[in-house]
Amino acid sequence: MSHAFSPVSEGDAVTLPAFDLLQPESLRKALEFLDENRNARPLAGGTCLLVDLRKRTTEAEILLDLTRVRDLRGIRIEEDELVIGAATTIAEVLADSLVEEHAGVLHDACRTFAAPLVRNRATLGGNLVHASPAADTAPPLLVLDASIELQAIGRRRVVPITNFFTGPCESTRREDEILTSVRIPIFNGVRHAYTKLGQRKADAISVVSVACLAIPGEGPRIALGAVAPRPTRAWDAEEILKGVELTPETAKLAAKVASEEARPIDDLRGSAAYRRREVEVLVRRCLRQLIDDQGGDVDGS
Amino acid sequence: MEARVVSLRVNGRDHEVLCEPNATLLDVLRDLGYTDVKSGCEQGDCGACAVFLDNRAVNSCLVLAWQADGCEIVTNRGLGTMDVPHVIQAAFADSGGVQCGFCTSGMVISTKALLDRVPDPTEEQIREALSGNLCRCTGYGQIVGAVRLAAARLQGRASAVISSLREEGQEQDPEDPVLALDDEEEGGEEA
Amino acid sequence: MDNVQPKPLPPHELPELNQIGKPLRRVDALGKAVGATDYAADFSLPNMLHAKVFRSPVPSARILKLDVSKARALPGVACVMTGEDVKDAKLNTDLPGQTGREARTGSDAPVLASETVRYVGEPIALIAAETLAIAEQALDLIDLELEELPAVFDPQEAMKPGAPILFEPDNIVARYKVRKGDLEAGMAEADQIIENTFKMPFVEHAYLEPDGGVAWVDEQGVINIRVCTQVIEHFRSIARALDVPQNRIRVRGTMVGGGFGSKEDITVEIFLAFLARETGRPVKLVYTREEAFAATSKRHPFSITHRTGVKKDGRITAAQISLVANSGAYPYLTPYVLLYATATATGPYKIDNVHVDSVAAATNQTFTSAFRGFGAAQAAVAYEQQMDEIAKTLGLDPLSVRQANYLATGDATATGQVVKSAAWLEETATRALHALDERTASTPTRRIGRGFASYFQSYGRIMWFHDTSRAWVSVEQDGTAVIRCGVPDIGAGQSNSLCQIAAEVLGIPLHRVTVYATDSAVTPLAGTSTATRQLYMSGNAVCSAANTIAARLKRRAAEQIGVSEDAIVLENTRAHDVANPDSFVELAELAKLCAAEGIELSHLSQFNAPFVEGLDENGQGEIWPDFTFGAHAVEVAVDTETGQIELLKSAACHDVGRAINRAAVHGQIAGGSHQGLGYALMEDFSFRDGFIQTPSFAEYMIPTTEDLPVTRVIILESGTGIGPFGAKGIGEPSLTPAAPAVANAVADALGVRIPDLPLTPERVLAAIDRAREEGLLT
């Protein structure tokens, strides 16, 4: 990555480029706008999109402001799912007791998300639609097996999050769709662990992040962030642990497999070799935490 | 797209501002004269532009003015003045937490956001609350001290606000239990 | 380094004073706290234009074509200026300040590049337009055709034959040598010879306030420039660039939102002056954060090699040191930074046989110039690590190796300058280490280490600059006081200290002193806010002026009361008989009496630093007026699996001579420490092939509130400084020992040393892997 100077098209600007801004007050209106303007970019917190627009690393002729659509906010339980509106801010997710109780691993990730001022604007939906390989909320949602609700005019579909990310900053969202909510199955007796490695302790993009979930009767689930083209479950590592007891030894083995299945790249924040090495360390530590939290070994059978 | 008039209530005062869709709240506030809201990075990294937007502390550089239409905004200046400073502002001034002062307005906003929710925060909570506000002058120690002093004063656990430069006896109250210099050791006693 | 006991302080006198030393609320603090203080960008005038700078996108090229016609034609663009328009204007990057000495030839940079460009971000053209958005659009309409040229990025490469030449004839911007004693004899005498090389990167100042300002032409035709700067005396260089007389440029300095040396250079001033003159309208230019990063100065990268001869007991018999610095694309203050590094390269130690050789070479990267510590900080990174390596090789305690070599008052430095003030090196080191308390316990994956660093840092400028400062003080008829002084306040409390000094001398409370500062046309020139000189120089000037007025007041009061003049003290807004406080005159009444009788109650004082003429060909002679001494100690925990370093404890102890405002001194020590700790742990302003890899705060890491513990601050006051009331300086000294303390602590934790800053997790892991391979670590 390099920074070149002037002209503005290379990124030397304070002002944002010119765009149209549509501000629907209802979901219906938002979907209509999007249907009529397929190139409109949804805007919620703007903590990524406005930065990219200012730096001219992305373009938008039309922005669709979703911050006035009440239906997109709020956290509630619907039957056996915890439902989080896509335009709910990270701060709201972090403060919510339902999230803390039923999706503790997501709560933990939100604690490390950027910094408080950004958390008051950034949204869960925005983090997912931006689809950075380092998205902080992705590994937790992956181990929670969350689903992503996408709506368009006359259409609603729910996609498992494991199918949602398709590449670096690419998702399965179609251009006429809005990500409207995230749906998390509610488990009982679940233990979790989350850890993130950054270049400093706060306000840092993930160099490696790991989320783990231990569900009674299942093998642990493990998800990795910032070490592959998209946030991903460590399927091979999970496979190793299926049907066996989670012990320090099996945790170590699984961690090694996880580091082998990671596909990190070199970038400004860290080398691929370092990231691969740290996948092993962090997965091992998270799995150890699962063991310790239970006060012993975890039965995966 | 045409410019539009947005209504902003800033520090209790109503404004009607004609602005483009791509105008940020930061730019509009500064153009209106609220220059206490500082531009430090234009991308949400430094916190110098922090304001309250409908009671939530945000980086104003990442809010479009149109998104703030109809909203209530409070900037640092809206909290207090030279004559009647807010307890938090006075605490910053009294504790050495202000050096160059450029980060201060943002720090005050984040501090108020914290103390409104958590009146008696631990050091860890203070540091977390201010983790999005960069400072290059103080090393943060006296800023943490300022927040503790403000919290103590708001709870009546420390002496009254020194409200004005014109007041005699400008020294810090030696009885004040939360003087921000408690990290310092007396090193010059031995002879 | 555990359970270290503080060395008792020698007897010293520190008279009790009324206001000096107290942590009074600074005069500028409340205005800043309530958001009332207006900085450089917080100012507008009617009819004002907005400016942008068009900059080079590549590190090395010849300009083949620069066509600004389309930009000029854009509606709303008031003017576009290129190198053609400012053809003979040179930016004097040399010697800011008031001394009138000739600039070194070759030290100038073009105001706007017209033939070649030498770094990414180099200014090529200026645009002024009705709005910022239009100015930005105009940037896109400038046609630039470049022929890329070979570039060089490493100073060693730059000095090889065949390297592209940025600085005639050979890219060498400066070189120095120091020769003292007999190196060969010293080495022969040694029991061991230890050699190490230490490297440091480019570092960004990262002040929160981007550079900028507003300029306009006033009704007298004087070009006014309202700008955040550490130096208002730049009006002379600005005048020269614009080819106008010096008294036709007025620099109005604002409260600066952090400078740390970067605002010591001319930044936006000449651009603003040209545009204001050309358009006849006020013009505003404020850098983006990316411009502040790319196009203002950086800290010099250094590679420093120590070869030291030592006796078994730790005494150093010979020191041979070589330093190579990266000057970036233009010289700026490189020769002086290099001099500071060269002259302090041995550290605060008494060594009889010394060879130092230093060189700085130009490369195609952002120019390097002043940054808090100014070469002496980089020297300390190397010498303090070398001291610990010596200890390790000899199997001695790191503190005892220092103790065997510390300078004492009366000893001479490597350049032969005798230390005249207190040199409380052992006193400060032991206190800093003592403040670390009980050592935290290590675990196999979390290894604890402790380290410290001693240092010495000058305060006051190089004495052959013939530094001076002026201040005017007056007492008003109601007993309040006014100071007029050119001092730029860059956040450390420069202007407040002057008020506190005047308040002490005149016996009035701090809040009854008002200071008017930083206007080159109206306030007496006080020199640069750099080199840790303002308290020393302007503090002494204010002290002198206030004392002159105080003498007159006392004389008149003595008459009034009927005692002798030396029986009068000024205190609590009164002049009273020291033996009988009830026998007094209110200061206000006294002032009116004096006014009526033509007794002048204002005074302009000039303070001159000692003048010397320079070093001899062996680098021998005096350089600075005095030194500050101190130490920093840290305890770290190194995660041996992630390579992350956690700073558990940090303690700093400095002899500041006399603290004027205790809270401000505390703040300087805490803040300087923070920058030094960041330097060690995470700050790396990196380039790849001349392109900046860390263009903003998103990529360039500085510590947040969660990254560092509180630094325990221990202030010692020997009273032996040559500043007011025996003060020394603390602005730069506070930073200097912090980074080497961390490096030493990490080496202590791991048993191996990482010789390059910053100590990133990857470097830590590489060191651990190496150590394991060599069987040094399990």
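Going in written order, the chains are labelled A, B and C, and every chain counts its residues from 1.
Here, contacts are C-beta pairs under 8 Å (C-beta built on N, C-alpha and C of every residue); 3 or more make two chains touch, one makes a residue touch a chain.
This one's a predicted model, so the numbers in the text were calculated from it and none came from an experiment.
Engineer: Greatest Cα-centroid separation from chain B: which chain?
Structural biologist: Looking at centroid distances, A is the chain farthest away.
Engineer: In terms of C-beta pairs in contact, which of A-B and B-C ranks higher?
Structural biologist: Between the chain pairs A-B and B-C, B-C carries more contacts.
Engineer: Mind checking the centre-to-centre distance between chain A and chain C? Centres are C-alpha means, answer in whole Å.
Structural biologist: That gives a centre separation of 43 Å.
Engineer: So, what's the distance in Å between the C-alpha centres of chain B and chain A?
Structural biologist: 31
Engineer: If you average the CA atoms of chain B and of chain C, how many Å lie between those two points?
Structural biologist: Result: the chain centres lie 27 Å from each other.
Engineer: What positions in chain B touch 2 or more of the other chains?
Structural biologist: In chain B, 39, 42-43, 45, 128, 131-133 touch at least two other chains.
Engineer: Residue numbers in chain A touching 2 or more other chains?
Structural biologist: Chain A, residues with two or more chain partners: 14-15, 51, 115, 201-203.
Engineer: Can you list the chain C residues in contact with two or more other chains?
Structural biologist: Each of 288, 698, 704-706 in chain C touches at least two other chains.
Engineer: If we count contacts the way the header does, which residues on chain B are in touch with chain A in the complex?
Structural biologist: Interface residues on chain B, with respect to chain A: 1, 20-22, 24, 27, 39, 42-45, 47, 50, 56-59, 62-64, 66-67, 110, 113, 128-129, 131-133.
Engineer: If we count contacts the way the header does, which residues on chain A are in touch with chain C in the complex?
Structural biologist: Contacts found on chain A: 1-15, 51, 115, 197, 199-205, 268, 270-271, 274, 277-278, 281-282.
Engineer: For chain C, which residues count as touching chain B in their complex?
Structural biologist: Spelled out, the residues of chain C in touch with chain B are 6, 8-9, 11-12, 14, 22-39, 41-42, 205-210, 255-258, 260, 286, 288-289, 431, 435, 490-493, 509-511, 653, 662-664, 666-667, 670-675, 696-698, 702, 704-706, 708, 710-717.
Engineer: Under the stated contact criterion, what part of chain B meets chain C in this complex?
Structural biologist: Interface residues on chain B, with respect to chain C: 30, 35-43, 45-46, 48, 75-77, 79-82, 85-86, 89-90, 92-96, 98-105, 108, 126-128, 130-144, 162, 165-172, 179-181, 183-185, 187-188, 190-191.
Engineer: For chain A, which residues are in contact with chain B within the complex?
Structural biologist: 14-21, 23, 43, 45-47, 50-51, 54-55, 63, 65, 67, 91, 114-118, 120-121, 201-203
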